[in-house]
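In the two complexes below, chain A is the common chain; its partner is chain B in one and chain C in the other.
Our next item is the complex of A and B:
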């Protein structure tokens, strides 16, 4: 039995790490920013934390804090030019930003180890730590959703003109969403660095972007449950499809296409909406 | 008593003049009409007042405060609220949530407590929900509170938008064609709501092209055509003005 659980612990570690990244992606989308920069912020956080540990022998807690703050700082700076863009242009700009980070990373070999990656990072983060941080991140996003920030984000996402006419500062709120997104990605990037001995630049490239975005699209973009469910599905299902070996990614693709087509709001949000509608119906419904 | 005052307000889109030297005063406690045929530039004026369009010339004041070039969200905080010509609600959000966001201006809890979900933030949310429910009751919308706003009938959606504008607790409300597409019974119900606004000391700028409705409700009317004011005065006088009749019906009726 314990062997059975032990076999799945790496999967659970991956789940916790990716929940953090998915929430980072989720919060910007919620605030109506089509940023895909989470992968870059994660890379920045991971490398900052990794370099602090390898080059300066910094305590892991401080290293992770450095990663978080760097991710947040870069996100805030990036939010300034992005505030002038909307929709797909923001997406393209952030993809370019990921590419820039990747290139800079590979070229600055002295600091980051270049294409060889950063090795010999002491492993100081275990399953317990990952779980605690994933839970804290989920709580943070849940709290935001419940309060005035969540309401403001919702309004901005759905109609900026209405938001402004009700006194909501779009720039301020989107910058805040960016800061949270950068901090979360930096935090979980740092945790990943301390969890996996080695990091390399390609880990934080286009592939991670697609993975993280898929979680949010699959799970849902409205409720905090969305990313949690999305990560669970997309991590576990390919594992279940392991006998199919090389065709696993086909399963992944088919699932995404099915969800996008038939549940465009995502699995969790569709379920939540259905439950709400049923509850209203059960109460007899108001005659509209 | 404050006044919303537009002085020589102008807007040019490239070479096209959308409004030119418009002077309008809206005192609190009164309903002021702004009428004009389609394309006269009425909505352009509202968009300039609310900061959605940059002003090309002239000034806008609320009392002594100059809001000509203020950002849209600052103008709301100066005490102006609006409704939109084509209703703009958050369709997936519940009616209650739609009114709640109108209360954003009154949220005082710190960003940190909102981020961390501290008790102060939770208390505030609960208090605002009570306020929002009271507003829904005032607009006779209580039974729809939990329903998605997008599913409501046109008339009810109008009322939700009105409740949301009132939630910001403005001194001035700009209503952009609020009764478009409504029958007389529905529009009479809204007229009563607008009179209540004025009785409660709010200034109302009513933009309409239903002349009958405006004449019934407004104490003073401005008539816009081709971006310029062509007449102003009490409804009786304005509707007799040959320039107004020409603008609406053509020169042969004047």
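Our next item is the complex of A and C:
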């Protein structure tokens, strides 16, 4: 039995790490920002934390804190110019940002190790720490969602004009969403650095962007359950499909197409809506 | 030296033009950012390789590549975007859906090619080099430039001189009104996607021949450069994409030749970022693009 569990611990670690990144993507989409910069923030966090540990021998807790703060700082700075853009333009600008980070990272070999990546990072983060941080992050996002901030984000996403007329500062709220997103991505990037001995620049490129975005699309963009379910599903799916290992990215792609076309709210949100509707019906469809 | 670089840049520009014309065309008509375009481009190169590998002549390979990529592009439109357009979520959904399609196509290509870099057999395209004064021009470069120019001219003719072009422009302007005039928008969309895919496939073959290295990931850098080009030209603008391709091809060749090599990408994407901030409608795009409130 313990062997059975031990075999799945790496998978669980991956789950916790990616929950953090998925929540970072989730919060910006929720605030109506089509930003895909999570991968870049995660890279910045991971490299800050990694360099702190390798070059300065810093304590892991401080290193992760540095990663988080750097991720947040960069996100805040990035949010200022991005406030001028909307929709696809925002998405392209963030993709450009990811590419800029990637190429600068490869270029500045002295500091980051270039294309070879940063190696020999002491492994100081275990499963327990990852789980605690993933749980904390989920709680944080859940709390935001339940409060005034969540309602403000909802209004902005649905109609900016209405939000502005209700006295919600769009610029400030989107900056806040960016800050949270950057902090979360930086945090989990830092954790990843301390968890995996080595990081390399390509790890935080376009591929991670696709992965993280898929989690949120798959699970749902409306409640915090969405990313949690999305990550679980897309991490477990390849394991179930081991016999089809070669075709698993095909399945992944087809899933993305099917979900966005036929279940645009995502698996979890569609299920939640269905349960709510049934409860209403049982109550006789009274007050909505 | 400079003249030689400019000449090389011009040839590269032609390929970029073929790639980004289809990219911008689709956006102009449907406001969809088709992220599967790079995969279609790669498919063109693959089809050409396997035709030549199977003993077919190069001209047949070229034609097959163009047709297969065109059809693939139509398939992407039907499976990924048609339903989304009805629900009106095409801007966000289209990005996700086309990422899925790109993933499927590249993974299949990865399996077919066994994750290897494929090379055309030696002298698939005759290696002939002409000299004018100090300039060296290979036959392949002439062919590339000629093919690109020809295709762009055909496209221009189709769009601005034929009934088909008028239909496309009508649907772009107002799908509903065009439908009332008896135009079947879905058909127009399919035709446009075919053209976009065919151009990308042609670009794929040319790139495959020029660098003689074909792999399942070859579409990704072109997608990224494609972003830069269509933004610079103005999303959805055909003349803009052409102009931007030339500028981009030149700048890229010159930065590679004269600046520290690692920084090329940084410069390209940093300028893309700046263009987005200060002139989101690009050189020749519509004024209101990308600004606040234009989406609704």
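Simple rule for what comes next: the second predicted complex is superposed on the first by the 285 of 288 C-alpha atoms of A that agree within 3 Å, B and C clash if a C-alpha of one lies under 4 Å from a C-alpha of the other, contacts with A are read in each partner's own complex, and residues count from 1 in each chain.
The rule is simple: a residue touches a chain if its C-beta (ideal position, glycine included) is under 8 Å from a C-beta of that chain, and two chains touch if they have at least 3 such contacts.
Given the structure is predicted, the values throughout are model-derived calculations rather than measurements.
Shared-chain residue A:158: touches chain B; no touch with chain C. Once the two complexes are overlaid on the shared chain, A:128 sits clear of chain B and of chain C alike. In the overlay built on the shared chain, the residue A:247 is in contact with chain C alone; chain B does not reach it. By the touch criterion defined above, A:7 lies against neither chain B nor chain C after alignment on the C-alpha atoms of chain A. Once chain A of one complex is fitted onto chain A of the other, the partner contacts of A:167 are limited to chain B, with no touch recorded for chain C. Contacts of A:148 after superposition on the shared chain: chain B is touched, whereas chain C is not. Once chain A of one complex is fitted onto chain A of the other, the partner contacts of A:57 are absent, as it touches neither chain B nor chain C. Between chain B and chain C, C touches the greater number of residues of chain A.
In the superposition on chain A, chain A positions 161 are in contact with chain B in one complex as well as with chain C in the other. The residues of chain C lying in touch with chain A in their complex are 27, 31, 33, 79-80, 83-84, 87, 89, 91-93, 95-97, 99-104, 106-108, 111, 220, 224, 227-228, 231, 235, 262-266, 269-270, 272-273, 276-277, 280, 289-295.
Residues 139-140, 142-144, 146-149, 151-152, 154-155, 158-159, 161-170, 176, 180, 222, 280, 286, 288 of chain A are the ones that touch chain B when the two sit in their complex. Residues 50-52, 71-74, 76-77, 81-82, 84, 88-93, 97, 100-102, 104-105, 107, 109, 111, 114-117, 121-122, 124-125, 143-144, 146-147, 151-153, 156, 164, 168 of chain B are the ones that touch chain A when the two sit in their complex.
Across the complex, chain A meets chain C through its residues 34, 81, 84-89, 91-93, 95-97, 99-100, 102-104, 106-107, 160-161, 206, 210, 213-214, 217, 246-247, 249-250, 252-257, 260-262, 264.
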